[in-house]
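The two complexes that follow have chain A in common; it is paired with chain B in the first and with chain C in the second.
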Partner chain A sequence: MKKTEFLTGSFIALTLVVLLGVFFFQALFQPSYEGKVMPIDNVNLKDRVSLHYVLKNVNDASKYLATNGMRYFNNRSSVPSKTITFGKTKNLEEGSANEVTSIVVNYRGFDTLGEVTVLFISIIGLTMLIGGVKEKKLRMPSVIVRTGSKFLFPFILLFGVYIFIHGHLTPGGGFPGGAVIASGFLLLLLGLENFKFNTTVSKVIESLAGVTFVGIGLVGLFMKNSFLANFIPTGTIGFLYSAGMVALIYIVVGIKVGAELSTGVAELKEGNKND
Partner chain B sequence: MVILLYLVVLVLAISALCAIFTKDLLVSVVALGVNSLIVSALFFLMHAPDVAITEAAIGAGLSTAIYVFAIRHTKRQEEK
Partner chain C sequence: MNMNYALLLIAVPLAVAFLQPLFGMIGKKITKWVTFLTFAFNFAYAISLLNFVTANGPQIAVIGNWRPPFGINLYLSTLSLFLATIIYFVGMIVSFYFIGIKDKKIDDKLSLVMLLVVGAAGAIVMTGDLFNMFVFIEILSIGTAILIASRDKGMSYKGALKYMIFGSIGSAMLLFAIGFTYGTLGTLNLAEIALRFHEINPTLASFIVLLFTGGVFVEAELFPFNMWVPDSYEGASPHINAILSGVVSTAGIYAIMRVFMTVFGINIGDKILIYGKLNFNAILIAIGVITTIIGELSALTQKDIKKILAFSSMAQMGVIAFAIGIGNQTALTGGIFHLFNHAISKALLFLVAAMIIRNVGSSNIDDMEGFGRHNKFLAIIFAIGAFGIIGIPFFNGFWSKMYIIDGAVMRSTPWTYFALSFILGAALVEVFYYFRIIYKMFNDKKITTKNRIHPFAYISVILLAIVVLTVGIYPSLFSNILNSASAGIFDRVHYITTVLGMGVLR
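Now for the complex of A and B:
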């Protein structure tokens, strides 16, 4: 590459970084009106659509506003709602204590199925392009890396499983849990010289998890007349055995994402056909 | 709180510029990993812990390793 080309590229990159920085800082000082980012400390929830998702009365609110002939955007706070107490309130419309999970898996569950499918297709393409070829070995890892990876792997696996089993109670869920599990397998792949990651088994696990996800959706279709509808009682909010099918789906998604990302990293470590 | 945010964003900008301007691709990838880690700290400071977990695992862990695997098949230095 010539020097002028390099300088031009650097100038364009620097301009982009400065522009993005200006936008970032500008957003922090916007006055608070709809459609803009507000300062972190003074967000008024009553102005937001997410009010009904927090109060867990989305279906009730839409029914109420439809029967009373009101427009949605002006009358949000006039919808009747009941107080929700952590650990006491039972049989809500949606029983997960983590708000993000209740939206991602329950209210927008079909989007999550699409996301999982996108990841599945990309891993299929990856294994088609560079799968199944052995590559020259890496350098022998040092004693610290070998011992440390053996010691740390069970704890990383446990943390990943914790993240997706508690996905409906604490921050996290299927995707972060799966990513943490995959990074644990990456540590083993880098640290242990003779570690063989069996991609066939991981692909079978991944496919079974995907089929289970669609199966849960189909059970909802037959029992509640809607794909991915919650057919299990939601229980008491804040308990481990609550939130109905949200917990099941996040366990399935966690296993699926973990197997997928581990397969991708293992295939990429093996190498390319053209070398 | 706001001063902490400014400090974090400053370090973020420095690591991004380092990733752009260095000639050694391995140093660039490591700077990119540091960038992801700082972004995840920023997410945590802005009350989005679940995004922070994902960013730390995927951005700083997996994608850095994938870039290193890719560099193994090419030259480490950028051509002059």
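Now for the complex of A and C:
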């Protein structure tokens, strides 16, 4: 790159940054006026769509919006809501006790399908571009690592599976659970000298899990007339067998993410054997 | 017709992409065929939906049975489905061309990424949710970087890295814009934002608009976020470039149109102005003019055919941004029409360029001297595409540029005339460098050619050339669709009531 080109580029970038900075500070320190909304000095957490996700009264809110119109936006919390008791309330519109899961997988489940795809395409790109680099001779792992990794592996696997199976009850879910499983395989790859990870099997598992996710959505489309609609009874909140398809989707996501990250780690270490 | 089934347009490419590794184990050719068939299905289905929507007005598709603004919805208007049809059509043609290329090591993964990029672009033009748009823009930009890098030469890695940097900065800015929007209005639904955007403090509104600019200008190849264009286009394979300019920039321009006009805009008289303290319409006109001038002048200085076409593509995006900045319906109709023409003609030009490069063995236009004498057919097809982009009368670009000029004259302020004069001057430059290539091709000179060209490549460029000629001779073919599409951007109240229900204005 020529020096003049570089200077022009820097100048443009600097101008943009200064422009944005001026606007940002103006917005920060300007008092709200004429009743216009400012995020900084007047944060009202009840004035968000997520209020209904927490109270699990989205269907009521839809009805309220249809009858009251513009008045709804001025006062979201006037939508009627029921008290929900952990372990007792049955057949809610959305049955997972973990609020984050209910938003991520159910209310905005389509975004999660997108995020799963983002991870999928990133791993594809990573293995396609960097995979197959020649393996460097690593130092032989010590006895403690060798024994310890063999000993710990089943427990790590179990922990990962626990995280994604309980995704609708406790913090965590498909993505962290899958990452934990992949870390178990990473430990084996680093700790054991002659451990061979079968990428073909993991790719098959990953593909099938991904298709199952879309398939669950399609079953919703054919049974309940809407993509990713819940078609399984939600059960009692707080129980393991509850939350309908949310639990199912998180299991699928966990398996997919685990297989995907393990494939990525293994291919980075050993190179892409299939090609 | 049940509109919720429109989700198949997004779900099918995703499901097939997840299955592609399994197909790849059987054979690389199969993955290419599967990609092509998926696009063909999407194209056919999108056309049937487009007919329905043009006849019956915009519809929404609800996801997960959560009504908007609480859940995610798709907004299926004439504009969305028209652009989706273009995107799937270009994807179909390019994947058909891709079948004819000799199999390389990574082609199974490449057809997978192609499927996801085109599928994500289709999702961007249909979604009715800001964060959902962000997720698909993410897929689009990661996938595009992979496609650029896939040629496995030093230049392509450089281009991909540049695109990655711009793309990730743009995504980060877009995320901030979404954060501020959610922080103030408490919603991510485009219709609800459109209903209540004027409640935001004007300074903050301009800030959000500026941040949003960063996110979508990268994909739309607009100044100052288009520095990646020359390197990435030069590095990538030519048929990938057809996807870059036909699919990726189409999705980017749609995001600008929909979000800046329908969501951030306010109706004033016969035009839409973007709400906020800054006069963003004037900025958009200025950006359009600057992009056009930079693009055309840089194309003039280049010898590499891929770079020439890349800069030309950038310049056309500038013309469309100018049309959006003008902000009245005639100009917008022209902008949408020009988007269509650009996608088809540029895909045609890049595919022909790919065949010529393959035949001649070099992408320098000096080495192509005399190619027209050797292979008249391909040179004529190239000329058709070039005439379409330039806007020679009775080719498609003529009519869309006419619309844009008409709209700019209707606005009739001194500044628009001034800007228009620059756009027209830049168009003259465009005439010069395209004719220089055509002249060189028909020069009398013996030429030796290397590789044979697969018949599939011929079929795909002939299909595109037929579209270019048909639209050029019968421009009224789409006038119904185009008018309905630009009216859809203008009728903001209709957008809001379609998504949120009639009761919302009470």
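Simple rule for what comes next: the second predicted complex is superposed on the first by the 210 of 275 C-alpha atoms of A that agree within 3 Å, B and C clash if a C-alpha of one lies under 4 Å from a C-alpha of the other, contacts with A are read in each partner's own complex, and residues count from 1 in each chain.
The working rule: a contact is a pair of C-beta atoms (placed from the backbone, for glycine too) under 8 Å apart; a residue touches a chain by one contact, two chains touch by 3 or more.
Just so we're clear, the structure is a prediction, and the values are computed from it rather than from any experiment.
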| query | After superposition on the shared chain, which partner residues are touched by A:L261: those of chain B (first), chain C (second), both, or neither? | reply | first
| task | Have a look at where A:F175 lands relative to chain B and chain C in the superposition and call it first, second, both or neither. | result | first
| query | Is A:S10 touching the first partner chain B, the second partner chain C, both, or neither of them? | reply | first
| query | Should A:I163 be classified as contacting the first partner (chain B), the second (chain C), both, or neither? | reply | first
| query | In the superposed arrangement, does A:G125 touch chain B (first), chain C (second), both or neither? | reply | second
| task | Figure out whether A:F24 sits in contact with chain B (first) or chain C (second), or with both, or with neither. | result | both
| Comparison of chain B and chain C by chain A residues contacted | C
| If you stack the two complexes on chain A, which partner ends up touching A:K269: first (chain B), second (chain C), both, or neither? | first
| query | In the superposed view, which residues of chain A touch chain B and also chain C? | reply | 13, 24, 275
| query | Can you list the chain C residues touching chain A in their complex? | reply | 2, 4-5, 7-8, 11, 14-15, 17-22, 24-25, 61-67, 69-72, 105-106, 109, 112-113, 116, 120, 123, 131-132, 135-136, 138-139, 142-143, 145-146, 149-150, 180, 182-189, 192, 195-196, 199-204, 206-207, 210-211, 224, 227, 500-501, 503-506
| What does chain A use to touch chain C in their complex? | 9, 12-13, 16, 19-20, 23-24, 26-27, 30, 32-33, 35-39, 43, 47-50, 52-53, 58, 61-62, 65-71, 73, 76, 106-111, 113-115, 117-118, 120-122, 124-125, 128-129, 200, 203-204, 206-207, 210-211, 213-215, 217-218, 220-221, 224-230, 274-275
| request: Enumerate the contact residues on chain B facing chain A in the complex. | output: 1, 9, 13, 16-17, 20-21, 46-47, 49-50, 53-54, 57-58, 61-62, 65-66, 69-70, 73, 78-80
| message | Quick check on the complex: what are the chain A residues that touch chain B? | response | 1, 10, 13-14, 17, 21, 24-25, 40, 98, 100, 163, 171-173, 175-176, 179-180, 182-183, 186, 190, 261, 265, 268-269, 271-272, 275
